[in-house]
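Only one structure is covered here, and it is reproduced in the block below.
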Amino acid sequence: MLIVMRTDATPDEIDGACRAVRDLGLSPHPIPGKSRTAIGITGNVGPVDPGQLSGLPGVVEVIRVTRPFKLTNREMKPDDTHIHLGGLTIGGPDLIVIAGPCSVETRDQTLGVAREVKKRGAQILRGGAFKPRTSPYAFQGLGAEGLHILAEARAETGLPVISELMSTEDADLVEQHVDIIQIGARNMQNYALLRRAGQCRKPVMLKRGIAATLEEFLLAAEYIISQGNHDVILCERGIRGFSDFSRFTLDISIVPELKRITHLPVFVDPSHAAGRRELVIPLARAAIAAGADGIMVEVHHDPKKALSDGAQALTLPMFEQMMGELHAIAPVLRRR
Amino acid sequence: MLIVMRTDATPDEIDGACRAVRDLGLSPHPIPGKSRTAIGITGNVGPVDPGQLSGLPGVVEVIRVTRPFKLTNREMKPDDTHIHLGGLTIGGPDLIVIAGPCSVETRDQTLGVAREVKKRGAQILRGGAFKPRTSPYAFQGLGAEGLHILAEARAETGLPVISELMSTEDADLVEQHVDIIQIGARNMQNYALLRRAGQCRKPVMLKRGIAATLEEFLLAAEYIISQGNHDVILCERGIRGFSDFSRFTLDISIVPELKRITHLPVFVDPSHAAGRRELVIPLARAAIAAGADGIMVEVHHDPKKALSDGAQALTLPMFEQMMGELHAIAPVLRRR
Amino acid sequence: MLIVMRTDATPDEIDGACRAVRDLGLSPHPIPGKSRTAIGITGNVGPVDPGQLSGLPGVVEVIRVTRPFKLTNREMKPDDTHIHLGGLTIGGPDLIVIAGPCSVETRDQTLGVAREVKKRGAQILRGGAFKPRTSPYAFQGLGAEGLHILAEARAETGLPVISELMSTEDADLVEQHVDIIQIGARNMQNYALLRRAGQCRKPVMLKRGIAATLEEFLLAAEYIISQGNHDVILCERGIRGFSDFSRFTLDISIVPELKRITHLPVFVDPSHAAGRRELVIPLARAAIAAGADGIMVEVHHDPKKALSDGAQALTLPMFEQMMGELHAIAPVLRRR
Amino acid sequence: MLIVMRTDATPDEIDGACRAVRDLGLSPHPIPGKSRTAIGITGNVGPVDPGQLSGLPGVVEVIRVTRPFKLTNREMKPDDTHIHLGGLTIGGPDLIVIAGPCSVETRDQTLGVAREVKKRGAQILRGGAFKPRTSPYAFQGLGAEGLHILAEARAETGLPVISELMSTEDADLVEQHVDIIQIGARNMQNYALLRRAGQCRKPVMLKRGIAATLEEFLLAAEYIISQGNHDVILCERGIRGFSDFSRFTLDISIVPELKRITHLPVFVDPSHAAGRRELVIPLARAAIAAGADGIMVEVHHDPKKALSDGAQALTLPMFEQMMGELHAIAPVLRRR
C-alpha cells in the first residue's frame, strides 16, 4: 500500500499518517519525491482497508501496490533515485564509469591503475580488498591493508572508491573506508549482510545473484532499503547458463526492465559476465545502449600478471577506446 | 585444414589443388577472398598430413583449422561475407533492418505494414506464411497464399522478403517466392532441412536453437554451407532460461563472439527474445551497439488484433522511434 | 472439451456425437476406454458451449479440459495407454528395457550385441541407422543398410527393433523395417516430421527436446496423436544445463509428473543424459524408482571402438548388473 | 598433494611429516583412515616437489591430487566418512530419513509432528527456527524460541535435530541447541559463515546453491573442512532451470557423481526441489535408488495451515507410504 500525500502536506500531517499506519501494526516508510511525499506501507499480510487511511488530513489517495517488492517499486516512487557522491550524481543524466583492478594487489598497482583510469574519464575507482573466492586456497585479498591502499588512491586522485563487503564483522571497517559498499553476487541472499548494509550510511551496490530472478533481486534490495538505506544501485553481472564461449550469460534484457519497474540506478558489469576481455567493450556498449546508468569494468596495467581474473581485465588502450565509444552512444539515450 | 593459394594462383592451379584433396578421399571447398583463394578441406577424421599438399603449384601454405566448424570459420576466410540482394549488401557497412508482421494474415494487413515500415526505413520485409506453432491447434499460417501476398508486397514496395521454410516438401515453393529463406529455431538441427536449404540458390537466415551452444549453431550453418550455399546469415533470438520477465534470454554476448570467429553476417531478433514490446527497442539498440549487422523485428499496425505473438509487435510509432535511435548508434560502429 | 459417453452407448450414438462435433466446425477424436468411450474435441479457439452437445443420445456429460494439450491428457483418457508389440505390453505392469548400440556399425557388431542383451533380459533392440550428428563431417550412420541389419537382428533374436526417423523422405523405409519409430530430441519440434509419424502405423517414441518444457513436450506428442497414431511413448533424455560433470541434466522429476497428467508410457534414456557410463546404472535405477515404464540404454561389446558415443555405452557386465538391480526395484512400483 | 603414511607409522612420524609440510609454508591436514593415516596438503599454488617429502620416515608415497578440491576428495581419503550421532551413523549402511516441518511454528505443532514422524521411522527431526525468506516481509521464523522448541522435541522423542544457521552472529546459539547445523542454499558461498561452521563441533549439512556446479559445491565444503570440521553432509535440493511443473530441477545425477568422487555423505531434499507434494515420494525413491545416504523431507500434520511452503509438505499418510517404499528399495543398494 502507498499513501500519496498532498503537495502541500505539512510535516505534522505526514507524521500523523505514519502514526496511523503504526497503529494498524504496520510499518510506514516516508518517501520524499520531487513534488510531494508518499508513504510506503509494509508489514501487511493481506490487503489493508484503505478506508482507515484515506480520510486523514493531507492524504490524497491510498493505492494498492501489486508487486511483492514495495520500496524498490516505481509505483511507490515514480522519480528516479539520484545518489550524490561528491560532485557525482549516480542515476541521473551522467553516464558513470567505475573502473579499476579486480583485486587490490599492491600500492603501486592500485595507484597506478587509479591514475590511468582517471586520466581516461573513469569517475569511480573499484578494487577488491576482501575477495570472495570459490576455493579456500585462492588469494583472498589484502583485507584491511587493501582498504588503506584504496583510501590512499582516493586521496591522490579524488576518485570515490567502491569495494566489497563480505561479512557483517567487517562492516564498520569497510563502511569507514569506502564510498560505495558492494554486495557481491554470492551474497545476494545473505540476509544478515543485506540488513547490515541497510544500516550503513553509504550507498550500496547490490550485484545480482547468478541465478536470481528479477523478483528475487528486487526483494534483496528491499532487505537493504527496509532498514533505512535508500541509496541502492542494482548491478547485472551475468547469469549462469550453458555458454561455451563466455563465463556467464549477460542478461541484457533486465536493464530496461529494471529501469521500467524500479526507480533505482542500474549498472552492468561486463567484465565478470564475459570472463574474457575480447567481449567486454561490445558488452559495455550494449549495456549503455540498453539504458544502463553506468558500467563497472576491470582494468589492469598488466593483465597477465593479475592475481585474479586477469583474462577479463581491459588493458589501458582498450579502456580508452571503450570510453570513447560509450560517450558516443550516450547522447542517443539523452545522457552526457 | 585450409590450403592458402598464392595471390597470383591460376584457375588451373586451384583446380589441381582441389583434385589433390579429392585424391585423398576428402572434400575441397574453394573460398574466394579479396586478394586470394583458399581451399577449405573437410571430410578428414584425424589430421591430414600437410606435406601431401604443401608442395603443389600455387600453394603458399597448408594450415590446420583447430575448431570443428570449418567453412564458417574466420580462420578459413578472414574477409566478412557480403550477401548482395538487389541494391542491398548484408554483412557490409550498412545497418539492415528487417521488419513486418509475425504472420501474413491478410493481403491488406501485409501490404499495409509493408508500406509503413518501408516509409520508415526498413530494407527487407518479414512475414510468416508457414508458421511453426507449439500447438497443433493454433493458427498455422496461410501457407502458399501467404507467399503470394508477400510476393505482391514486394512487387508494390520493392522490399525483398524473408519467410520461413519449415519442411523439405515446401522448399521449391518457398525458394521461388522469397528472397531470403528463414530456418527457425525449432529446426536448427533438422539436418534434412539444413541440407535442402544448402541446395537453394537464395540466402538463408539460420536462427539459433533455444538451447544451442555457439559450436552447435555454427555446425548447423556448416550443414548448409557444405552443400554449396555460402550465403548464410546467423540470427540470435534468445535462449531458454529462468527469466521471470522476458520470454527468452537474449544472449547478447554471442554477437561479438560470432563476429570474431566467423565471417558470416550476424543479426538479432529482439522481438522473439523479449516476447514483450516494451523491451524490444532497448534490445535492438543493444544489438547494434554490440556489433550486429542488422536486426529483425515484428511490427503490426494493430498489435492487439494479431493472430500470433501480438504482445511483442512494435506499433508504427515505436518502430519509427527505434529506427531513429539505431541510426544514431550505427556510426559508433562505423556503420551507415 | 471432452464428451463422456454412457457405458452402454451404441456405435450409432457415438457416431452421432462425432457428427454433432463436426457440425460445430470442430474435430472429434473417439478415445475408447476400459468401460466407456469418450470423444475428445479439438479445433476450438475459445470454450465450446456444452449445451449444444450434452443433450445428445448416449452422452453422460461434457467436460472442459483445462490444459492446452488434449489427446495426451489424462483428463481425456484416464486409463494408461498400453502399446502391444508382439508379446510385449509397453505402458503396462512389465518393466521394459530397450538396449543396443548407439549406431549400427556392422552386421557382426549389431547381431553380437543383440544376442548378448537378449540373453540378459532386454526386450527391445535399439540401434541408429540414420544418425543425427551435430557436425556434418561426423559419421552419419549406415542408412538403409543399417535398417537391413536391424531387421536381420530381429529375425535372429526375436527382439523388436527401434530406430530413429530423421526426415519425412525416409518415413516409408523406416516404417517398413522397424517396430518402433524414434523421433530424436533435435526433431521434437520438426512439425512436418511429427505429422508424418502420426500417419505411420507403428508406435512412435518421442524424445524430449533438450530445452522443452513439459507443455511443449506434450504438444509435440499431440501433433502425432492428432494425425491418428495414438501409440506414442514419451522419453526423457536429459535437458541442457550448466553441469560440469554430465553431458545433460536428467530431469527425473518429469517422470512422475508425466505419469500423473498423461496416459502415455514414459521412458528414460540415462545414456544420453549422462554421457558417461559411470552414471548410467544409478540413473537407470532412479528412473524406475521414479515410476518410468522402461528405460533405453546403449550397450556396446567394446565401447572403446564405438563410432559414436562410446563413452556412454554400458559394457555387457554392467548391463547385466543393471538388469538385476532394476528387477529388484520394480516390485516396489508394482511392476514385474 | 597427499602424503600416504605406512600402516605402522608412529604418531611421531606423522608429526614429523606434518612439520615438514609446514616448513614448506603449506598446511598439513592429517586424515585418519581405516588402515593408515594420510596427510592432505593445501596452500600450494603450483605443484609441490614430492622429493622433499617422499623420503621422510613413515612415508609410503606422495601423490598429486588433480582436482581443486582436496579434503573432500576421495583420492585423498578413499573410505566413506561416517558421522556418528547418538546411535546413528550417517554415511554408513543405514538409510537415514530426516523429517519435520518447514518452520517451527508452535510448540504443539513441532512436538506433534516430531512424535508422528518418529513413530513412522524418521531418525532425525528437522525444523526451521531462523528462516531465510526471499521477501523481508515474510515470516522469518521464531528464532531462539524455535530452537528451544526443537530442544524440547528432542528431549521428548530422542530424535536429534537439525536447523539452519543463517548468520555468524547466531552461531553459538545454534550450535548449542542443534545436533546438525544446516547451511542453506542461499548461503552456500557465504564464506564467513562457512568458516564459522568449520569451527563448530557439530556436523554440518551443506545444501547446494541453486546454480552451483559440482566443483563449486565441493569447494564450499572445503571451506568448512579446512577449518577443522570434517563432518560435512552434502545435500542436493534442486537447481534453477526452466521447469514449468516443479519449483526447481532435482539434479539426480549429482548423487552418484558425488558418491564417486568424495567420501562425504550425500543427501537429497526432494521437498524443496519439487515444491509440490505430489512429486516428493517418487523423487525420494529416485534419490535412494541413485545411491543417496538419506533424504530430508518436510512433513506437516496440516499442510494447508503451514506458515511457509505448505504446498510441498507431505501429509502423515504420505510420509508413511514413503517410508515403506524407501525401505523396500534400500536393500538393492545394500542398505538397511
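Each chain carries a letter (A, B, C and D) given by its place in the written order, and its residues are counted from 1.
The rule we apply is simple: contacts are C-beta pairs under 8 Å (C-beta built on N, C-alpha and C of every residue); 3 or more make two chains touch, one makes a residue touch a chain.
As the structure is a computational prediction, the values presented were derived from the model and not from experiment.
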{"item": "For chain C and chain D, chains touching each", "value": "A, B"}
{"item": "Most widely separated chain from chain D, with each centre as the mean of CA atoms", "value": "B"}
{"item": "Of B-D and B-C, whichever chain pair has more C-beta contact pairs", "value": "B-C"}
{"item": "Between chain D and chain B, distance of the C-alpha-averaged centres to the nearest whole Å", "value": "49"}
{"item": "Chain A and chain B, separation of their C-alpha mean positions in angstrom", "value": "38"}
{"item": "Length of the line joining the C-alpha centres of chain B and chain C, rounded to whole Å", "value": "34"}
{"item": "Overlap residues in chain C, where contacts from two or more other chains coincide", "value": "211, 215, 239-242"}
{"item": "Chain B contact footprint on chain C (complex, rising order)", "value": "42-43, 68-70, 132-137, 166-169, 186-187, 189-193, 210-211, 215-216, 219, 222-223, 226, 239-240"}
{"item": "For the chain B and chain A complex, residues of the former touching the latter", "value": "211, 213-215, 239, 241-246, 249-257, 260, 273-274, 278-279, 282-283, 285-291, 325, 328-329, 331-332"}
{"item": "Parts of chain C lying in touch with chain A, wherever the complex brings them together", "value": "240-242"}
